[in-house]
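We just call them A, B, C and D in the order they show up, numbering each chain from 1.
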Amino acid sequence: MIKITVWNEFINERVEEKIKAVYPEGIHNCIAGFLGEEQDFCLRTATLQQEECGLSDDVLENTDVLIWWAHVGHYEVPDELVRKIQDRVLRGMGIIILHSGHYSKIFKSLMGTSCRLLWREDDRERIWCCNPNHPIAKDVPAQFELPNEEMYGEFFDIPTPDELVFMGWFTGGEVFRSGCLWNRGLGKVFYFQPGHEAYPIYHNENIQTIIKNSIRYINPIKIINEIDCPQAIRLEV
Amino acid sequence: MIKITVWNEFINERVEEKIKAVYPEGIHNCIAGFLGEEQDFCLRTATLQQEECGLSDDVLENTDVLIWWAHVGHYEVPDELVRKIQDRVLRGMGIIILHSGHYSKIFKSLMGTSCRLLWREDDRERIWCCNPNHPIAKDVPAQFELPNEEMYGEFFDIPTPDELVFMGWFTGGEVFRSGCLWNRGLGKVFYFQPGHEAYPIYHNENIQTIIKNSIRYINPIKIINEIDCPQAIRLEV
Amino acid sequence: MIKITVWNEFINERVEEKIKAVYPEGIHNCIAGFLGEEQDFCLRTATLQQEECGLSDDVLENTDVLIWWAHVGHYEVPDELVRKIQDRVLRGMGIIILHSGHYSKIFKSLMGTSCRLLWREDDRERIWCCNPNHPIAKDVPAQFELPNEEMYGEFFDIPTPDELVFMGWFTGGEVFRSGCLWNRGLGKVFYFQPGHEAYPIYHNENIQTIIKNSIRYINPIKIINEIDCPQAIRLEV
Amino acid sequence: MIKITVWNEFINERVEEKIKAVYPEGIHNCIAGFLGEEQDFCLRTATLQQEECGLSDDVLENTDVLIWWAHVGHYEVPDELVRKIQDRVLRGMGIIILHSGHYSKIFKSLMGTSCRLLWREDDRERIWCCNPNHPIAKDVPAQFELPNEEMYGEFFDIPTPDELVFMGWFTGGEVFRSGCLWNRGLGKVFYFQPGHEAYPIYHNENIQTIIKNSIRYINPIKIINEIDCPQAIRLEV
């Protein structure tokens, strides 16, 4: 059983009618909804508005994989919470950063880079797989289209991904490294670019498959309790 | 002084009027021409039609960087010559594989993969840089267009590049890892996708800059004489 | 059920009493023996002495993961068989190259490098894990000792591993990248250095755990029938 | 001309007689001393005790490559200064992190990991090169010994290096990834493990060669003024 927490800042879906129309229950509940069909997943949601942003120590310590959607509220997430999330990733927890989460404090802390990119609203995207036997690409076609998506383009200021799984093509002329994996400590980080709040991206079946696959791929073998830097006992050699 | 050999199968430019119109002296002479302006380059050309394909032991042993253009003549290059070129790369020589050279024996031998890809004639390409401070991208804009180019698309069956410098966007909807570097033994391999024979790609100033930069980047510090697998003397420990 | 073929050249164990004492049934049967305890493994062995080296098309096409042990017989494996094995790896099959298999034709073909290294008999090794949450390192201690092992030392002429899992330390003063993974086409390659025929390395419990883990890690999601390089139909864009 | 700033916390060399005996002018002046022989280097030193830690905006903006030695004073470096250094690396500046700098705020910020490791005083190290044609390994032997060095061992909690150049072997039985490179934004980071303050490591000729080589390798082509995340104008396509 994989313990998953779907975190969402949950701002636009509450205040903009257009966004509410796409995600009436919030992006987090949409994601938790399609994940809930899986027998091996155990789900919880959390939002910025909740006490401790919904991520108390107890919740975090009971999360194997954390999913992160955020956009306009990055700076409302306390630094101390970011530090705790990063610590748990380094101890083994998997984390999936979606779309505009590229500019979240937690993603930037894990990457060490600015995570800047090019962007433009109102485009169309085609997702290509450049690693077709990767577990995250299982049951995903060689390419598929998202009729509406915000454009995210290179140069994307990230460390070289440990694994590049998907590349994005945009009608407007841009390309992007859209599905990237990194190891950080004992944990794994998956960044997946699609997911602008104004479009029903998380209703797309291929997107749902990729998110399900990525949860299973980054689900940790183990999560340790503490990170230390021990003085080593001299081995018998 | 970097000793460069520009190798070209030199077939289409001799037999097809349309191609001859673009490269009347052959692709090799076009490339040697713009490289010849550089003070630190020392140039030589070689073609499939010459004795020993123009790559005698003496020529190879006096080459620091080998540039390879080929398309329909891959199977006319003798296996023994391919073995010698690979051996020299492993001993330190740099090699630049252009465009349809993706299916050459030497590239496939160095990669260990099939090097297959998607392709389609008559498209338009935009080259994006995803590694903007890389020496190969020096003086190259963030993106530039090739009004006519053959489409090469993913999945490109290559090992994960050690360095990914350029990505290609095509009007027809495809993306491609267009500028890739690998270390092989003591040598470096640069694959650069643009260069269909029917279009004046090698007349493009950005393409010329990239090829010049890549020569300097993969120019070896040293080339050794022999590869061995020695029994080690026990160190004093 | 993972279909595994354990291939062994089976030379030293037949002709040298000292080796026969360690592996009376041959290295392949020792490996097949401890793998046979696993419920999800389906095993077969094959040796150089058999018709078609024990690797007929039918056997190969029914192998998900191929294990390769060889040392003095590398040149007796026909090139055409090597080509078939490489093709199957590129179509998805996993391959585990053990110890002196670093100099096999199949490993060199998949790497594109010379695969040379330093070596010396009669040493002691300590294996360290530098990727502790990797599936291949599951249930393996942070380090463990092999009281007797041949020394393999750097410089090991391999492409940069996609994943480096283990590093070896030798009493004599050398270090080695001992557990390395690469993607090649749709398949995965795991090189694991321990396994000199004169010592009971494959009786070691940690070694057995690593081999079992690696089989599950490189077991393909799918194996395709054919590698092609298709002309792409123009997408509707 | 490469503008280099050698930063040192300069604590142990002032307060411990044993350390002062090794580095009477401080580690920074020892390093600046041997670097000063090079015609293309322009040098400056800075220490924790100076105003703004010796790294005013003016100094930072006139630094191409920053060298960082620190151990017990990590927490005395202000967060705001760390943020400025990281920003300048992402804009192009090269940074060399020496030895115990693995636990500095700036290294951890750039890596995104804990940077923990094993350690033990009083050991002997042998440095091996696993990337012999790398510019940083120029004129460095295949291996060399440091008769006295603190042991740093795996697991070293760092992101997979973009380039692994050196590996360390210790008498006590440990191994370490001792020379590692990463790209971060437009800048490059080189971590080099040797350099315990109690031993004359920076007097060693090979160590000096490696530091000189690494400065030239990570010297930026350009440093940009500002990092932005611009809305893209729609291209003509």
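In this section, a contact is a pair of C-beta atoms (placed from the backbone, for glycine too) under 8 Å apart; a residue touches a chain by one contact, two chains touch by 3 or more.
Since the structure is predicted, the reported quantities are computational estimates derived from the model, not experimental observations.
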{"item": "Interface residue overlap between copies subunit B and subunit C, same or different (over half shared)", "value": "same"}
{"item": "Chain pair with the higher count of C-beta pairs in contact (B-D, A-D)", "value": "A-D"}
{"item": "Approximate Å spacing (C-alpha centroids) for the pair subunit B, subunit D", "value": "34"}
{"item": "Subunit A and subunit D: spacing of chain centres that average the CA atoms, whole Å", "value": "32"}
{"item": "Multi-partner residues of subunit D (at least 2 other chains)", "value": "126, 132, 143, 153, 160, 162-163, 171, 173-174, 183, 235, 237"}
{"item": "Subunit B partner contacts - residues on subunit D that touch it in the complex", "value": "92, 126, 131-133, 135, 138, 143, 162-163, 171, 183, 186-187, 220-222, 235, 237"}
{"item": "List of subunit C residues in touch with subunit D within their complex", "value": "126, 128-130, 132, 142-143, 153-156, 160, 163-164, 167-170, 173-175, 177"}
{"item": "Sites on subunit C touched by subunit B in the complex", "value": "86, 90, 103, 109-114, 116-120, 151, 153, 157, 159-160, 162, 171-174, 182-185, 227-235, 237"}
